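As written, the chains take the letters A, B, C, D, E and F, and residue 1 is the first residue of each chain.
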Amino acid sequence: MYSVSVRDHFMIAHSFAGEIFGPAQRLHGATFVVDLEFRRGDLDAHGIVVDIGRAGEVLRATLSDLNYRNLDDVGEFTGRNTTTEFLARVIFDRITAAIGRGDLGEAARGVESVRVTLHESHVASAAYEAAVR
Amino acid sequence: MYSVSVRDHFMIAHSFAGEIFGPAQRLHGATFVVDLEFRRGDLDAHGIVVDIGRAGEVLRATLSDLNYRNLDDVGEFTGRNTTTEFLARVIFDRITAAIGRGDLGEAARGVESVRVTLHESHVASAAYEAAVR
Amino acid sequence: MYSVSVRDHFMIAHSFAGEIFGPAQRLHGATFVVDLEFRRGDLDAHGIVVDIGRAGEVLRATLSDLNYRNLDDVGEFTGRNTTTEFLARVIFDRITAAIGRGDLGEAARGVESVRVTLHESHVASAAYEAAVR
Amino acid sequence: MYSVSVRDHFMIAHSFAGEIFGPAQRLHGATFVVDLEFRRGDLDAHGIVVDIGRAGEVLRATLSDLNYRNLDDVGEFTGRNTTTEFLARVIFDRITAAIGRGDLGEAARGVESVRVTLHESHVASAAYEAAVR
Amino acid sequence: MYSVSVRDHFMIAHSFAGEIFGPAQRLHGATFVVDLEFRRGDLDAHGIVVDIGRAGEVLRATLSDLNYRNLDDVGEFTGRNTTTEFLARVIFDRITAAIGRGDLGEAARGVESVRVTLHESHVASAAYEAAVR
Amino acid sequence: MYSVSVRDHFMIAHSFAGEIFGPAQRLHGATFVVDLEFRRGDLDAHGIVVDIGRAGEVLRATLSDLNYRNLDDVGEFTGRNTTTEFLARVIFDRITAAIGRGDLGEAARGVESVRVTLHESHVASAAYEAAVR
């Protein structure tokens, strides 16, 4: 199995509902450093997993939609806790949709699975990975 | 598959038996930076893999039992080489036992597998991962 | 010159005033990973710059006062942009006040200068350093 | 599953063929920081996955064969794009051949799979992993 | 003293003249991860050292002029060894010229000194720092 | 001011005397990742601060003398706490002595100051820096 990873970040405000979250129930924020990994069994004719330039651009575009926002005000997330693991899934869904639309180019159509890791600090991270349908 | 990771560290002395270990047969020591990853297929009702606060506390408690010790004097390890990979398994066993006792809370009962990675320097690490029984 | 550094982090929401900040004028947030460095010309009788255990505790206490907050709502910061460099200074002032009160113990009274570095992502950081009065 | 990882690096020049590579079609270069991971289900009698000293030596020897070269002039790579993912496979093949020859010692014969990760910058990496035949 | 740092990278081919360089006399290459630090005694009216957005853009523009090149073919460097320390100075000179031209905005005119650090691997780096004339 | 840094590590056992050290009074150990920085005002005729190859070799030789030891048994350290900051000074003294003996080559005679940083974990480090006499 081959894989290629690119990294970028975004910065948001949010709060969580539920006593389990303690002080994180208050409005606070986070920088999420995102590692986006694409996996496939074979390389394409160019010798690549994906066009890494396009992968970086699509990641940037995906994150810019979330960047510098208060996620508590984003309609799509109403009633959900925008935890690190939840956001990893949100980004996974958007990246795989971009692959489906061809935004990452032809090479990316060979991608079999994707892993999205969000580092919220030097001591904590979360990830979501799954096959690309 | 979702995952959440937390990081902490501990510092120990030990020595190894066997010519294969060369100068590491002498009493020496190590700082182990530990990444503890919890994995499960779905998030719970709060949108989390585990209560990350409790995960950090359980990791700290688990490591504090080993921290600032000479592992050559720990009865449980008599006759064993406390290599990095061996210690990854020791911590895995203690963490999964803690999950079983409920120390990580109800959310953690949904955890399907755990990975424990010990970084012994900027150039070497070892890990153990397995399903939670 | 000797120095000792300890690391911790905090997570906040805030917004900036001024067109120069572009989309960061919106309410957003950040994780700040903080490196706190103490410097002095000579070691004390124990062979240390500061009691590193106390240093970590004082850093944690200092950051917990800011952690999980919306800095736009903190009275002390009204009318100020809580930029990364500004916050480095805020933490510097609080740490040096703690040294003055003796919170870091006797050893810390020999500290001559302090540097506070805040990493806001994998690609950006800010710092403040100065002599301790 | 147990694993052990060692890290080293090499520095090369190369160029890529294909418009998809944009400015990387020009002769340029890269530092590749390599993480080499060995995996097996059980530890050997010494409590190890592999002899980590030998693993480091074999990795160094493998990389020194590529280090400080212009890969465009290496006959074996003629007509191939020496992308990061392609090079991860090249190193995988050489390491698994070394295991087969016994260069990593007897312990390494129990290795079931290997992962080779090449970091080309602070924001991009590629990997190849597979079972050892 | 306040400071702000931004990070980016570039990838080049080059070779060195002089037996002291050993195998690095051959054409090879490097990824340089660049940390660019701006320092000044006081913050401006916005509470910043420099406009961090502009700083990142100027760093990117400066590096893109070197990126994906064989430095042996760059006329300006003829007869010079483009060592990591030499390149740190080249980038310093270009960044301080950009400050002088006003490319980093008015805030940057208050910058008193600049440090440029180039990381060539996980184990080696070089830097140049000086006052801004 | 130019600088060049190289990184290596060593692993030791030790204990500390004094109640201030709490549980670190027990025999324990540490991995120290060492950054060794050389500084000078001008580059030499080769365009370098020091021969980075030799710098790495001298650092390795210096650390191998300490590596895999119980520092409590090293006569030279009798009656001293081998704290991270103390060890940074020990290594500084040995490196500057090596410069004086010519072990780093002629280029290194131009080195004006040296900084030795020891990282004892992902959250703590200590350093010693001074002019080279």
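Here, a contact is a pair of C-beta atoms (placed from the backbone, for glycine too) under 8 Å apart; a residue touches a chain by one contact, two chains touch by 3 or more.
Treat the numbers as computed from the prediction; the structure is a model and nothing was measured.
Fitting subunit A to subunit B on Cα positions gives a rotation angle of 120°, stated in steps of 5.
Taking each chain's centre as the mean of its C-alpha atoms, the one that lies farthest from the centre of subunit A is F.
Although subunit E and subunit F carry the same sequence, what matters here is overlap: shared residue numbers make up under half of all numbers found at their interface. Centroids built from CA atoms put subunit D at 41 Å from subunit C.
Subunit C and subunit F have Cα centroids separated by 27 Å.
One finds 31 Å separating the Cα centroids of subunit B and subunit C. Within subunit B, contacts with two or more other chains are made by residues 7, 122-123.
Here subunit D touches subunit B in the complex through residues 1-8, 43, 46-49, 51-53, 56, 105, 107, going by the rule given at the top. Per the touch definition, subunit E reaches subunit D in the complex via residues 7, 9, 11-14, 23-24, 26-33, 67-70, 120-123. Remark: subunit B residues 16, 18, 20-22, 80-86, 88-89, 122-130 touch subunit D in the complex.
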